[in-house]
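You will see chain A twice below: alongside chain B first, and alongside chain C after that.
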Partner chain A sequence: MKGNIKLIDENGKRVDGRYPNEMRRLRIEAGVLKNADGSALVELGNNKILVAVYGPHEAIPKYVAEPDRAVIRCRYSMAPFSVDERKSPNPSRREIELSMVIRQALEPAVFLNEYPRTMIDVFIEVLEADGGTRTASITAAAVALADAGIAMRDLVSAIAIGKVDGRLVVDLNGIEDQYGEGDMPIAMMPQLNYVTLFQADGVFTPQEIEEAFRMVSDPIKKVYREQKKALKKKYEEVVEEVEKNE
Partner chain B sequence: MSEAKSAGVLSLLKRELILAGLKRGEREDGRKLDEFRNIEVITGYVGKAEGSALVKVGDTKVLAGVKVDVGSPFPDTPEMGVQIVNAEFIPVASPVFEPGPPGEDAIELARVIDRGLRSAEAVDLSSLVIVPGSKVWTIFIDIYPLDHYGNLIDASGLAAMAALLDTKIPSATMENGTLKISEEKKPLPVNTRVVYVTVAKIDDYMILDPSFEEELAADARVTYAINEDMNICGIQKGGSGAFKVKELLDARDMALEAAPKLFEKLPPAGKA
Partner chain C sequence: MPVYVENRQIVVPGDPIADKNRFTVEGKVYERNGKYYSKVLGVVFVDRDSRKVNVVTLKGKYIPKPGDVVIGKVVEVGLTNWIVDINSPYPAVLPLTEVYSKPTSIARNELSKILDVGDIIAAKIISFDYARDPLITIKESRLGKVKKGLLVEVSPSKIPRVIGRKGSMISMIKEMLNVDLLVGQNGRIVIIGDDKDRVELAALVIKKIEREAHTSGLTDRVKEFITVKLSQIGGGD
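Right, the complex of A and B next:
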């Protein structure tokens, strides 16, 4: 149970050898699926998240359409083999809540009014989970939306701040999430400097909330750089391909 | 019933009216921006429940009931009781609620209340073990909004907490391999009380305890769960808008300031 396992050693390093302010290796690839209008694969440590964006297309069912804007249909889903004990493929209450908060984290960044009466699908499949799937999902979904060519105000970049052994750390892994004292996922539009997802469980002092926002700023920028890099890389590859065929 | 109430949408004109009021520091019902409506907490409302509470926040009414049962612990916590929070948005409460299984809003509400209670360790789950690893008490907290006039999260939080404080559980023992449950009941052990304070953002204005129409006008909301040490034991941002960091910190301060007034409305926490 909580607090029984030492998560930061005497050298100040965490269970996977990271320092408190260090995030896990992040790898982002845009345009990984052929059918989808936009897609992305994100690996954050051991997390593997695949996102497909379809649309804007006709709203299904029709009554969900809004006369002045697009609606986003977002589904966050974990594969049965993504976790230690098989997860039933039926949507859990957790997945239903996460689908909603992820949608609400993306909505502020999309120019929804550009696409009235339509629907934009954001399908998130967690292929492997190891703590921080919702933040990695948002990071991936923002890249997939941009990859689909959907008009956006900004990307959305996300990472969690957590509390282990009484200290704030960046980007909890699965073990830290399970045995740590708290988890505070944060998503931001990094250019506009708005927070679009903000949740927490565990106990935090009021000052720790402020500290968390200070601490999250650099990792958010790092995620943002990686997202842009992935989007550019896809087009660089297209250019290379074209030049080769000329 | 107003148009907004039945349709779940707000006319742009009405939103402008609410905003114009906020600019003058006024709200439609005469409250200040950081003022709650009248709060009333009635415990023991349902006799058959092990604990219950009816909470009124202005015209919003929420009923919470606690039932207890002997069940199995989760494999990873063999020496802990089980806490389950569920919410049903029953159609009596609002024309925007439909019959059927809980939708995403009801699931979110239940999970936000659950996280706050769990993070604060409000219910002393470690004292609910009958046979370690096989038999523990399961505490079911069911939240029923009865009349939805805004701010269901804060009202549901008060109802759930008050119902837990009202809960009495029988004592159970194993005798020669059979479970014996005695008629004698004792109060459910509660470590700390928790309150939930939601701040709604309408344009650049932040308000406490939004009414139904204010909720429809709001861009986003953020809820802080607060324990008796005045620490934060849960956060949930909701709605399709976004916050500046400073706004979230201001909301935190508003929530911390309002929390003692909500604690006053709850019965005291009694250890078993």
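Right, the complex of A and C next:
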């Protein structure tokens, strides 16, 4: 099957009508859960991801506590209804790995030393999946962490660069991910210009990787702007409301 | 431009605040390459006259500080101490010596007669250094078991607003509503009063302050709010 499917048409458009450097529609909402200390809902195209952050709180079990820093416990989990065919609710090998990968992408951004002996819980629930859930999860988790009032160096914004029909494209969807030639998720701290996650699945030449990093800066900035907007929205609405009543 | 933000602007982690040396930058910031950046989702207060910038967090957990008065809940009775939840990542320890000043010998089953699981106490933090859980005391006036009242929880970072400048907000609520307020720095407030309606109104007022903590002219708005609500409930007052 691979390679036989045409993913870019003669007009240079992709399966869902996007241009190669175009990302899907992104919507971020912060503070959607009342019980959680911080939360975020991210919609990237058809992906729908809900993140809840609890903490910092007492480390459970006690022996995992570190004397000089907080530990992040991250759980990435896909809902049974998130994909076409029912997914078993048990954590799969892929989910366990992604939990670790996402945690490692977030850790450099958090001032863990500010909360010694504590634990920060990050629960990621994928409600609907359509390619690029790990990048959307990182984007959502960074917003939820900031929404919880946790001290951070910067937000973390993530987007994938992929290779379909021999061309580099931004933000793969499910079909492109399945039938394309490669997927390269990248997470960055946009203000500091640090990369916190870089994976590649597929074959890329060194030139293509350099090109991918050039391509990724614009979409990353776009994700970052949306994250900032979502975080500020709740508070700025109150300011507007107050000013209107005066 | 030495300052990158306006007064009362909302900032997110990583937002540049000001260059080093030109302004005194306080609060939740970190320094990198001669520039200050915000650490948290917060609000900035810029005072151009005294050249001061302060970043205050909008949310977050309570971190114990010696000298703070907190409202705690007893969660465990030990052999010689109590473990108290103070709405913080670190549970507080209340030793028996901080309850009685004289040397006493009390059996374990007696301890729960003094303070039992579920009791609400007002306590003061004696010491905290991250390596050990905070120690608290109730050996001062106004501290100790809270016997009655309505407990309200707000974000600990909003407590300074509830208190107001030199206690202006809190004394206004006390005066206008004829209630007593016991404010813990950990975000818990006990409202004590005889009139149920007024106690509930005080809770509403505190929730309003929490919601609008980052806006200006709050004291006047709260005053108006109380006046309007009071006329609604207190017909015969």
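Quick note on the criterion: the second predicted complex is superposed on the first by the 237 of 246 C-alpha atoms of A that agree within 3 Å, B and C clash if a C-alpha of one lies under 4 Å from a C-alpha of the other, contacts with A are read in each partner's own complex, and residues count from 1 in each chain.
Simple rule for what comes next: contacts are C-beta pairs under 8 Å (C-beta built on N, C-alpha and C of every residue); 3 or more make two chains touch, one makes a residue touch a chain.
Because the structure is a prediction, the values reported are computed rather than measured.
In the superposed pair of complexes, A:201 makes contact with chain B only, with no contact to chain C.
Once chain A of one complex is fitted onto chain A of the other, the partner contacts of A:228 are limited to chain C, with no touch recorded for chain B. Of the two partner chains, neither chain B nor chain C is touched by A:180.
In the overlay built on the shared chain, the residue A:213 is in contact with chain B alone; chain C does not reach it.
When the two complexes are overlaid on their common chain A, residue A:191 makes contact with chain C while staying clear of chain B. Chain A uses residues 189, 192 to touch chain B in one structure and chain C in the other.
By the touch criterion stated above, chain B contacts chain A in their complex at residues 77, 80, 104-105, 107-108, 110-111, 115, 118-120, 220, 222, 227, 230-245, 248-249, 252-253, 256. Against chain C, the residues of chain A that register as touching in their complex are 37-38, 55-58, 67, 109, 111, 115-118, 146-155, 189-192, 227-228, 231-232, 235-236, 238-239, 242, 246. By the touch criterion given at the top, residues 8, 10, 12-16, 28, 30, 32, 37, 39-41, 43, 57-61, 89-91, 130-131, 155, 157, 211-212, 214-215, 217, 221 of chain C touch chain A in their complex. Interface residues of chain A facing chain B in the complex, by the touch rule stated above, are 1, 93-94, 96-97, 99-101, 103-104, 107-108, 182, 184, 189, 192-206, 208-210, 213.
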